[in-house]
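Chain nomenclature is as follows: A, B and C, assigned in order of appearance, with residue numbering initiated at 1 for each chain independently.
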Amino acid sequence: MSFVRNAWYVAGWSKDFGTSLRAVEITGQNLVLFRETTGTLRALEDRCPHRLLPLSKGKRIGDTIQCGYHGMTFDGTGQCVRVPGQQNTPQSAYVETFPVEERHGVVWIWMGTPALADPDDIFDLPQFSQPGWHLHHGDALHIRSHYLNVAENLVDPAHVSFVHPTTLGNAASENVPVHVSTSGAVISAWRWIRDAPPIGFFQKFGGFDGNVDRWHYYDLHLPSTAVIDFGSIDTALACSEEDRNRGVRVFALHFVTPVNEHHTIDHWMHLRNTEPGEEAAAQMDGMFRQAFAEDKEILEAVHANEQRPQRRRPIRIAIDKAPTVYRKRIRDLIAAEATEDLGEAVAPSFIQHD
Amino acid sequence: MSFVRNAWYVAGWSKDFGTSLRAVEITGQNLVLFRETTGTLRALEDRCPHRLLPLSKGKRIGDTIQCGYHGMTFDGTGQCVRVPGQQNTPQSAYVETFPVEERHGVVWIWMGTPALADPDDIFDLPQFSQPGWHLHHGDALHIRSHYLNVAENLVDPAHVSFVHPTTLGNAASENVPVHVSTSGAVISAWRWIRDAPPIGFFQKFGGFDGNVDRWHYYDLHLPSTAVIDFGSIDTALACSEEDRNRGVRVFALHFVTPVNEHHTIDHWMHLRNTEPGEEAAAQMDGMFRQAFAEDKEILEAVHANEQRPQRRRPIRIAIDKAPTVYRKRIRDLIAAEATEDLGEAVAPSFIQHD
Amino acid sequence: MSFVRNAWYVAGWSKDFGTSLRAVEITGQNLVLFRETTGTLRALEDRCPHRLLPLSKGKRIGDTIQCGYHGMTFDGTGQCVRVPGQQNTPQSAYVETFPVEERHGVVWIWMGTPALADPDDIFDLPQFSQPGWHLHHGDALHIRSHYLNVAENLVDPAHVSFVHPTTLGNAASENVPVHVSTSGAVISAWRWIRDAPPIGFFQKFGGFDGNVDRWHYYDLHLPSTAVIDFGSIDTALACSEEDRNRGVRVFALHFVTPVNEHHTIDHWMHLRNTEPGEEAAAQMDGMFRQAFAEDKEILEAVHANEQRPQRRRPIRIAIDKAPTVYRKRIRDLIAAEATEDLGEAVAPSFIQHD
């Protein structure tokens, strides 16, 4: 198992979840989500405990879900409130529930022990509520790769020159060293490329003529939320590290959700200190989509090759510092959870066909 | 292994099998069927013992099959009658054969020890040959689900209200208790819904205005033939259980054939004490096809969920009585066969590539 | 493992490989091929040792390959010549290389220990350089079957009458015995069909009216290159075995490349002592393509059946002599290599997701 369970993961945008039943898979667990009439969002195990039909194949009846096979009905707390054909309700008639929270139009689900869920741990950024900052919802990128590949890519400035040479990077940055530090649950990698031509993105949206100072700060919040703070400013303005708001600055947020061992969804959105207008925003999206398609191709090819037999261990190089720290932190978290775990998966063979 | 081997299973309709070679898979065994010039149907192992080419890829030569690779030729008894390039025929040059019988346009194959095959054990119903009863061949429904899921669904009246609310069931029956009994190789579940509005089917084809008494008798003949006797009669006529022929009565026959662990075919046909005319019969078929598509969706989703790791055992509820008895009977039959079995499958690895 | 490693295998036609990067899989090993500016062809392991991205997803930079993920750069000898972001190059930064040779427009790769590669072992035929012989490049036939199935088919004259009754064989040859002999790394099976009507191929391209003597010599060079020498001559000319050049004679060459356990590519070409003209050559190709499609169907069906559990061993018959010798020779070669082998595959699980 390679998932941190005690963590908040993004299930989607708030606008994606209405009164109808919606199936979602996170860390290999199938969930059904629906919004109660009060507006509260609920996340239940998507498996009727009776004959295992996904509840998402059932029907909303008020604020309950009626299973589509024999009508067993569950409320938003997972309790069974009706078993057709009998008066009593067996104690084992329930489905697991998962704490759900919404923040800034994003839906978060706690996949671990419910008692440990603390909404204060949900990712936040002061700029969400500061004037001058504009929120732009992006999209959900589906990637057939392990989530650690996707997440480590977001704390890895070095790939940009090679994977995104026409959009987010250029040759000027190929050899610029990357600084790495960790602070609590955040691993950071950053670099400034000083006095260089603007990359495609800032040529287009920064309105820069001459050389700029460009920064990339990659903050990866464990287990898998990435904040990429990047921007550019006229080199002549001699911008200090603390003074980035003077330039054109973008926070690209990536909420990396492990669907299962082979599938990851990256929900991305932006916070910008500039409001580019509708047409330019669409062009910006287009540029990001191109860059993400470039990432997707690489990450899926890496994943496919990882599934093959390996005769030599991969090598680590200088630029891997942040990804290496990241993977170690994840391994440690998973190991710690494993020692605490009591429950154990039952092999599917116990299904009584045989 | 989860198949009862010593049993007659339905391979298809008689009209499906002519002189050409036809491949069929039952209980994980590939068969080739063809009709000899005398009309006798033959079922052979669909695997040339020489280089394993399916014989169904070969050619009819008179009443023999010539393998499409090197021309080894087998007659309807499975004996090799020609090995091109040599005069003698090795003793091991044969394919297994399987007893075949035809009844009422249905083809049955015995998948177990040939010496145990008794044609008298083949399913029959007196109404096949009684005046006033009309036989209507249905179709073959392919379902990507384990056959026990498909078969137990046919001794489970409780699902009808939820899976087929507009065709075969309605809310009136949701809480009506189900009676269960077993008699020899037949497990029965039944209930009467008295003095209620007719369901869609009988509104359309029964010509009922007011309330009716409606019955559902589900007889599941081991291992997997289901007879669903259902009908309706004007409540005012106070019909007794024994007197069902007075109403509109339909026997829906389902011959459930396990193709393999993940695939099942349900050949269905009807016997009715009413002849609805061609147009109405087609409408009836349409209604059943809609209902079966509803079953198929449920059964395939259940099967898919059963393949996933399970952390809790499924729960059993009151309406499961007949399915639970059924699964236990099947398990007992399989266990009994296993202790008698001498032969054992050879792993494919012995194929001499390595 | 069922591949002979110390052998030259065909990767494709010379014309298929230019300056761009081309991915090829042979004996389960992914390779990237490219032609250096001098024209030399290089074959490298298609896996960056850093994050496992296939190098074929990267970029040619002069005579090197730059990985598409982080820019690690490798020359044609597999040595890493650049690691962006650092000055030194770790010793483990290399990819394996594979000896490559080109002969008569065919690209050969040595998949075993490089020190054992001897270009003199590459298949050759005197007719490649003799006057009066015409080389005709065919195509690459992809077959979803184990390569031993494909190769043994090419030393098996007996299948021709049954698999190719309208093109390469006819009933006249069904019972003509096959002679088998071995000489060094070549296993031969042959037969003459004397004084019989010409097969479709020679009716069309030999211009024969009456009966002909027809020969088929199947030479299988270990591990998997087949030379089928076949031709026809007027029976009245009383041709001796040594005098085949007097007739219409074709060498059909099949270079059988094991892609992996389930996939094989057969690159085929012809050497003929007749130049049929463009139109007739195209018709000839069409006839062979039809015959190869017939082989493909059989070989894929055999392979699929071999993947199933087997309850009885396949039987061997008289015509199997050459295939049986061939499979034994291959097993012996693989066993000999295994005892010499020191390296062992590491299970993919060491990839550090978990």
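The definition used in the following text is that contacts are C-beta pairs under 8 Å (C-beta built on N, C-alpha and C of every residue); 3 or more make two chains touch, one makes a residue touch a chain.
Computed from a predicted structure; not experimentally measured.
When the partners of chain A are compared with those of chain C, the chains appearing in both lists are B. As for how the two copies chain B and chain C face one another, under half of their interface residue numbers coincide.
Centre-to-centre separation between chain B and chain C, using Cα means, comes to 47 Å.
In chain A, no residue touches at least two other chains. Per the touch definition, chain A reaches chain B in the complex via residues 30, 47, 49-54, 57, 66-72, 83-86, 90, 92-93, 343-348, 350-354. Chain A meets chain C in the complex at residues 1-2, 146, 148, 156, 158-159, 161-163, 174-175, 177-178, 261, 297-298, 301-302, 305-320, 327, 331, 334.
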